[in-house]
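By letter and in written order, the chains are A, B, C, D and E; residue numbering begins at 1 in each of them.
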Amino acid sequence: MVSPILIIAIGLGAAFLLGFVNEDRKGIAFALTLAALAAMSLIALGWTLAFAAGNAQTADILTAGFPPPFAINLRMGPAEAALSLLVAATGFLSAIYMRDALYRHGRRAMAVLLVAIMALTGIVMTRDIFNLFVFFELIVIATGGLVLLSEDRRALAAGFKYLVVAQVISIMLLIGIAFVYHAMGSLNIDDIGPVALGFSGAGLALFLVLVALFLELKPFPANGWALDIYESAHPGFSAIFSAASGSAALFAADKVLATSPAWLPLATAIGIITFIGANILALRQNNDRRLLGYSSVAQIGLLLTIVGQRDLLGDSYLFIAGGVLVAHAIAKAGLFWMSGLVGHRDLKDWAVLRANPVLIFAFATFVAMLVGLPPFPGFYAKWDLAHILMAGDRAWLVALILIGALIEAGYLFRWFGFATKREAPEGFPGFSVNKMGIVFVTLLAGWTSGWIWGDLSANPNVLSMVPVLFALAFLVLEPLPARIKNLIAIAGLVGWFVFRYPAYDPLQLVFAIIILVGGAVIFLASFNWQGRRLGFYPPAMLMYAGLAMLIEAETSFTFFASWEILTLGSYFLILRGKMSEPHALSYIAFSLGGAFAILAGFALAANGTQPFEMAALADVAQTAAPYVFILLAVGFMTKTASIGLHIWLPGAHAEAETDVSPMVSGILLKAGLFGLWVLLMHMGQTQFYGINLTYFLVWIGAISAFLGGLMAIFQEDAKRLLAYSSISQMGYALFSLALMNHLGWLLALMFVINHYVYKSMLFLAVGGVYARTHTKLMYKMGGLITLMPFSFVSVLIGIIAMSGVPPLSGFGGRWVFYNAIMTADMRLPIILIFLSGPIGFLYLFRLIHSIFLGQLKDEHRKLKEAPFWLLVPQMIFVLFLLAFAVVPGLILRRVDAYISTFFPEGGLEWTSGGIISEFGYWNPVAIMLVIGVIFVSVFLLLLWMNHDAQKVKQFNIGFAGERPYRPETTHFAWNFFAPYRKAMGFLVLPVVTTFWNAVTDVLHETADFARKFYTGNGQTYALQALGFVVVLFLIGSGGTP
Amino acid sequence: MKHMDPNFRKDTKTEFPQREELKPRKVTTPDGQVIDIEPLQDYFCQEPPKVHQKSYFKIVEDFYNWCRAESLWILAFGTGCGAIEMRPLMTPRFDAYRYGIQWRATPRQANLLMISGYLSVKTLKRAIRTYEQMQGPKYVVGLGSCTINGGMYWDSYNTIKKLEEYLPVDLYIAGCMPRPEALLAGFMELKKKIKAGNAEGANKYAEKFDWYKANQKAVIKDWDMPDYNW
Amino acid sequence: MAEIAMMSGFALILLGIFGALTNRNLLRMIVAFSIASTGVNVVLVSIGYLPGRTAPILDAAVPLESAAAQIVDPVPQALVLTAIVIGLGVTALMLAYAYSLFRHRKSLDISDFTELKW
Amino acid sequence: MVRAFVTLVFVAILGLAFGRLALDYVPDAALNQTAVHYAELTPPETGAQNVVAAIIVTYRGLDTLGEVTVLFLTAAIVALVLAQTSGPTKGRGSGLLPSGELLQTGTRMLTPLILLFGIYVFVNGHLTPGGGFQGGAILASAALLLLLADPVRRFSHRLLSWVESGSGVFYVLIGVFGLFLAGGFLDNRILPLGDFGSIFSAGAIPLIYALIGLKVGAEFSSILESLEEAEDH
Amino acid sequence: MSIDWPRIGYAALTLFIVINYGMIMTALVRKIGARVSGRYGIRIYQNYIDLVKNIALRSKITHGVMYYLGPVFRLTGGVGLLLFVPTIYGSAMWSNFSFAGDLVLALYFVFFGTLGMALGAAESGHPYSAIGITRGLSQVTVAELPLALAVFAISLQYQTLNITDIVAAQQGGIFNWTLFTNPVATLAALFAFVGTMMRSPFDVVIAPQEIPIGPPTEYHSSYLALMQTNRVLFPIAKTVIYMNLFFGGATNWFEFAIKVFAIYMISVLVGVVHPRFRVEQSITFFLKWGLPVGVLAILLV
């Protein structure tokens, strides 16, 4: 193994050597710089690999040949090796990235860069506190130099501000070091014995050291100078500043803190405040680099929090902190590098990235890494962190971290939305190849790190799960035509179903049929799209992969990973819609909020045990159980869009693409239901202060069913109407599930099946209409029945089925519902359900009337029937509904029997003459037959009498002696249920939306107010830094200085 | 008559601009294709009315006619002052219900059109539409002298004089205005006529369709409807 | 002795910081920081001082055998040298920056350089 | 005004903190273990008379290397900063009057002496107070004198750069030699320790100090010249 | 599946009896109304004449397939509803097709005709139809609520959803009727009954002058004839449900006739003395009065 000191020696030596190079021979100077950085990286890499392979021991490198504390020693352990690699590699890549700037500024700038990287590795490795100070000062000065690489003239002022604050910090640090030396008699960090938390003598000295180190981490709110640097510096340098400097400084703080665990709470407090504060401030940023700066600050804050928890984290500390750190560093470096590709500084200007899909993919990857989504390191780290903290009774911290992470996800995904949806600037000159290359390398590093962390994790590696790999394979297949990809996708779904079929229990089977087979059927509609359809199949398949894994998940980890994967996939899928940017954002915000609740729930339930079997939910301790239940239920209910958590759904479903809407509505919502199912299966009887928690779910379900339907009837947008209807239907399902009896569950399952079928069908039908009319506003359509008969039939059948009118399958649901509530304990919520049934009828009628009946419009007179491929799945659904109406037992019998294992009582009896319950009976075949015969007879009668009716046209109506002039004014469709609105409108006041708007507004306003704090005045920044010290001192010493 | 401009009513030369909504127009479809819309063709059925044969069996036709007579559904459509005379028919004093007479609000379901008084040209247009929208067999009863010869409005610039020139009138009830008793008597007459199979106004209208149209168009100068309002 | 030095060192630091944070002129700020740095150095040296001892140079006056009892702590002295050099470097850098800022903006007022904010 | 008040309050509280540090400060009665080690083992281990020099060059050699780097960096960055700055373009010295004959002659006389003194200081660094930094600074003061006396005078950039880089590279190389030939990076024992108290003793310390002196001198000169040149553009 | 021909015969007979009964009874009801206001009123057989006249219309128009099918749906709804409910208690044959489903089927099949009619009327493209439909649907959603609650209450009370069983439980004396064993539920159900019979004060749906009789404004001739048939059939079918659930059912056709008439008269009597409600007023009315009673009913069981 090469001595790690050579990293420093090479960096320094090369920096000095650059002096020999003629000022004009920039190529040589650059080559030398790169060679040195490469050598440094390789040494670090060698060590990292050696540690990874277990071939190396932590090594102490003595300088001057004397042992510490008399001489400075360096240490090379796994963490040091990895960090050095990170630093050096970032430096190397940034150097390539900044080639033009470095050429422009000459060998001096290269030397400064080399020294900076060298000093960063020095910070990482040194074990001497004063040496640490020296390296820090080197960083300060080098930063002062590298800031100048920017073409932004404002960087100069930023550099000066930075220097001013750095002066204040170094004063603190130096005084602290001096007194620490006085107290300890040594400058070696290992000799700084445990210093008790106190603010006099050694304590105060250590406080000064720590506070200086924290200030180096740019804690909120004393970090304005750093943000100015981020904003104005060359992105290549910002990448170093964020990824490498931040990490190194953090490691320094960690080193010092490790000596005195008593001070850890200070780190935790500062860290979490920084994490949340910086994230809130980032909300209001429009400047990409400044936003990245805030995000960097926040991430470092999170890391500091984790450092503060190292006493609890124990062996997992490195894994967790490393995971977050690596994710942060790679993603942030990648994003800063990408920002160099973007010509302008507004977030919306990132739309230019769309010129290259790989860049969008990279952007998505980096965002996912920062947010901590699978399969990236942050995910595993977050999982373990939450578990350990929960087990250590630090739920409050988990809550704060998750809130902060949610805010961060909010602005990052908003930004991603800008990039994918906003107008790309015109006259785009193209991307620099080497900069793009660097981004791609980072991208690769990101995925590699994901694989590594997955491999290191005690839990299964997400990247080795077959469905995920299959989904990711579509990234490679992207150049193929959409139809071939579609075929592969269908084959994949069906193939996986066939492959897994024997392993499913009946419940899983039903969900698997819906997800896999149902997904395949919906994919038939995707044949309608030609070309390559970039960016559709990977997220779609990712979603299906998540869903497929979800229903098979046996441990909480697999479950949660699948959950996150399907969330991520569906987000990208929803985002594809033309106008879906804000809706996709609220979708991901709510979904992640829900996911975090689930994470917290699982963590609380597991109480430290890993892997945690899902079935073990039943054995959660009495004290924790209700909280676990609530957290998980809230999490799952965000996905089923229960009332209060529903506002993301209408937009997300309505604005999605035609074949995406059925996927996210018909299939994705079932994930939440499946989660609830599993939850109730294991924890159904959880009590909270003596009240059965399912009571609340029953109420929530009923209210969702009612209000969802009520809101649906007031929609003018067809897809929105269907979306609200989903809220209502999911409310039904939740209600019936929470009834906790045999038929309730059977009913829920019927809803699962039925909702999939008719919602997919209706969404496709409406989508088909949309494909022709280019509008979703129902009042702009009308009279399409003759032009689109097939679409009409599927909507008609869908409506009959959905409203529960016999003889179609919806009635079976109602029948089971009545039987189910007969044995339920709750009566009041049932009123709402009773009311929502007919309300469903209202909006469905509105749907079919406004689109297909009434007056045909001028511009629609020549429309064609919906595209063939959109009709194919619809017709399959029609056939299915008819078949399911006659022989519901085909599927339900098995499930009925399966449910008996949970509720032996109250099952159904399946006889040839019908289905018999405890209270009633139902013979689908007879119903179908009787109604059919009557219908046909009456029809024939009418035909006999009225066969010679004259077919008239749409204006031939008795119009009180007048006649219509325009179809628009004759089609009664807008504000269709005006009387209803008069009577019940008060119930659909946007209270929930207002509430969530208020929440975001408060956050935004806070951010807007707080950022005024960053006046841009260097003195103020310095004053803030000073204030930070002073306030910490005051608080720490209990206000009695 | 001497003060009347003979060309006033029968002027067919002057071209009146068609209503904007009924002019052919070009419309861009959602796909960006430009299509022609011919409102009168596209939105209205252009079939001429048909002459409907009576039932093959006389006895059936007689039975039907009896039923038609005993089930007179009057369109609630008032044109002039006579409308006020029709209301009392429903009151206990006259109780038209007992004769199987009812009021229907929609021409689709009514089979008796009462022109209850003078008919201005503007109202004539509506009356024609309404009549054509009723399903045959259908009957027209003119109420009061105004429908017979114009009555006191004989030289009005704006009312028609002879209703039967425009619609096939089955029965006139004279008077200015006729009292409800007269109306009842008129209905009885109409019933008789129907039962006798003589109330074939709808078929007559179809047979002499061109004549009626010519008359109608002669007075309705801004004719802006299809020839037959189905 | 040492206490006085230390106190005056601290006083210099506080004065320097106060000056740096209240004077808006860049050059004055730099001067103020120099004062503060000097204060830090004074404090640093004063920490290593032991009353009644001599400089850590082992010549005839300070034989090796009794050195431990005769010399002051040499470490802070070594540190202070480094600190001075670093302080010098930073000061030089700040001066260069100030010069450059003045050249660009024709102003030495720190509150004029607030185009980056929020 | 508000800012001044807030600053005052903050500084006052910081003063309280410092005051607490100072009040709690009790001078050690004896040297601490590290210092004792240095006091007792410096001569045997490094052969240097000046304990501080030994600490600077050997024990804490890495710090010193860092220090040198600080200056190196500063020089480089000052040049960078000033290179970005477009000052008045009036030519060399920007119209400053050349100094008088008296001053120039004096300068010429003094410069060698100063240089000599500087060299003396860093060569004897391991024996007496002083060392590379001090010596280097003295060397640079000669440069300052020259510049002040004749604002138009310029040194050879190339020379400064070579001296600076050469001494830097050599310094690092010595450090690396230590890695292979002696106990570790920057171990001064790559050269024989020699007689205690003589000029050629203490292993590589004098060499390193010399290099530091040269480097510091070159760097300071380079900084000064950069600042001076800034007026030229 | 073997076809039970006699049952079909009985079903046809039931249909025949009920239609004729309905024709006469509705005429009778109108006549009673007329007599109350001092008129002679329509002839008792007037409904038949109107029916035949409509069938006998010579010209007909159609607006499209759904328009054509609307009345078919409507009548199928009425006939089906009647046949899915046991008409005469104690007779296997007069129970018609009630073997196909229980109370739930009856409750939901009510919507079959409504839906079809709404679709058909809507295809006529007439704004009045659409307005009428929105009114009707809006009103019926809330008006049916007390019934749903009452039904829930009594099915809880009798622990069955089987109508025959519910009727059986009410046999053996008038005080065994749900009317007396559960008056609150009956009251709730009557709210719904009055609300859905399309009589004043809840008949703004078919406001004759404002939106010429609402949904069926374009219907005429045989379409109208089918609807007229349904109009006499459907209320009776509904009344039969009420009779079975709350008034002890009927053991023979005579009892059937009496009870249906009596129950039917409830809505008539309410109607003649109350002016019309606007739609939102009726919604509010049912929420304010019908709903609490319904809630009380299910809470008291």
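Here, a residue touches a chain if its C-beta (ideal position, glycine included) is under 8 Å from a C-beta of that chain, and two chains touch if they have at least 3 such contacts.
Only a predicted model underlies this, so the values are computations on that prediction, with no experimental measurement involved.
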item	value
Chain whose average C-alpha position is farthest from chain D's own	B
Which of A-B and A-C has more C-beta pairs touching across its chains	A-C
Averaged-CA centre spacing for the pair chain E and chain D, given as whole angstrom	105
Inter-chain centre distance, chain B versus chain D - centres from mean C-alpha coordinates, in Å	116
Geometric centre distance via CA averages, chain D-chain A, whole Å	54
Residues of chain D touching at least two other chains	3, 7, 11, 14, 18, 21, 25, 28, 32, 34-35, 38, 59-60, 63, 66-67, 70, 73-74, 77, 81, 84
Two or more partner chains touched - positions in chain E	59-61, 212, 217-218, 221
Chain C: positions in contact with at least two other chains	13, 17, 21-22, 47, 75, 79, 82, 86, 89-90, 93, 97, 100, 104
Chains that touch, pairwise	A-B, A-C, A-D, A-E, B-E, C-D
Chain A partner contacts - residues on chain D that touch it in the complex	3, 6-7, 10-11, 13-14, 16-18, 20-21, 24-25, 28, 32-35, 37-38, 41, 45, 58-63, 65-67, 69-70, 72-74, 76-77, 79-81, 83-84, 161-162, 164-166, 168-169, 171-173, 175-176, 178-179, 182-189
In the complex, chain E residues that touch chain A	1, 55, 59-66, 68-69, 71-73, 75-76, 79-80, 83-84, 97, 99-105, 108-109, 111-112, 115, 118-119, 122-127, 130-131, 133-135, 137-138, 140-142, 144-145, 148-149, 152, 155-156, 159-162, 212, 217-218, 221-223, 225-226, 278-280, 283-284, 287, 291, 294-295, 298-299
List of chain A residues in touch with chain B within their complex	772-775, 858-863, 950-956, 958, 961-967
Of all residues in chain B, those that touch chain E in their complex	45, 49-50, 52, 63-64, 67-68, 70-71, 73, 76, 92, 95, 97-98, 100, 103-106, 108-109, 111, 135-137, 202, 230
Touching residues (chain side chain C, partner chain A) in the complex	13, 17, 20-22, 24, 26, 29, 33, 36-37, 40, 43-44, 47, 75-76, 79, 82-83, 86, 89-90, 93-94, 97-98, 100-101, 104, 110-111, 113-118
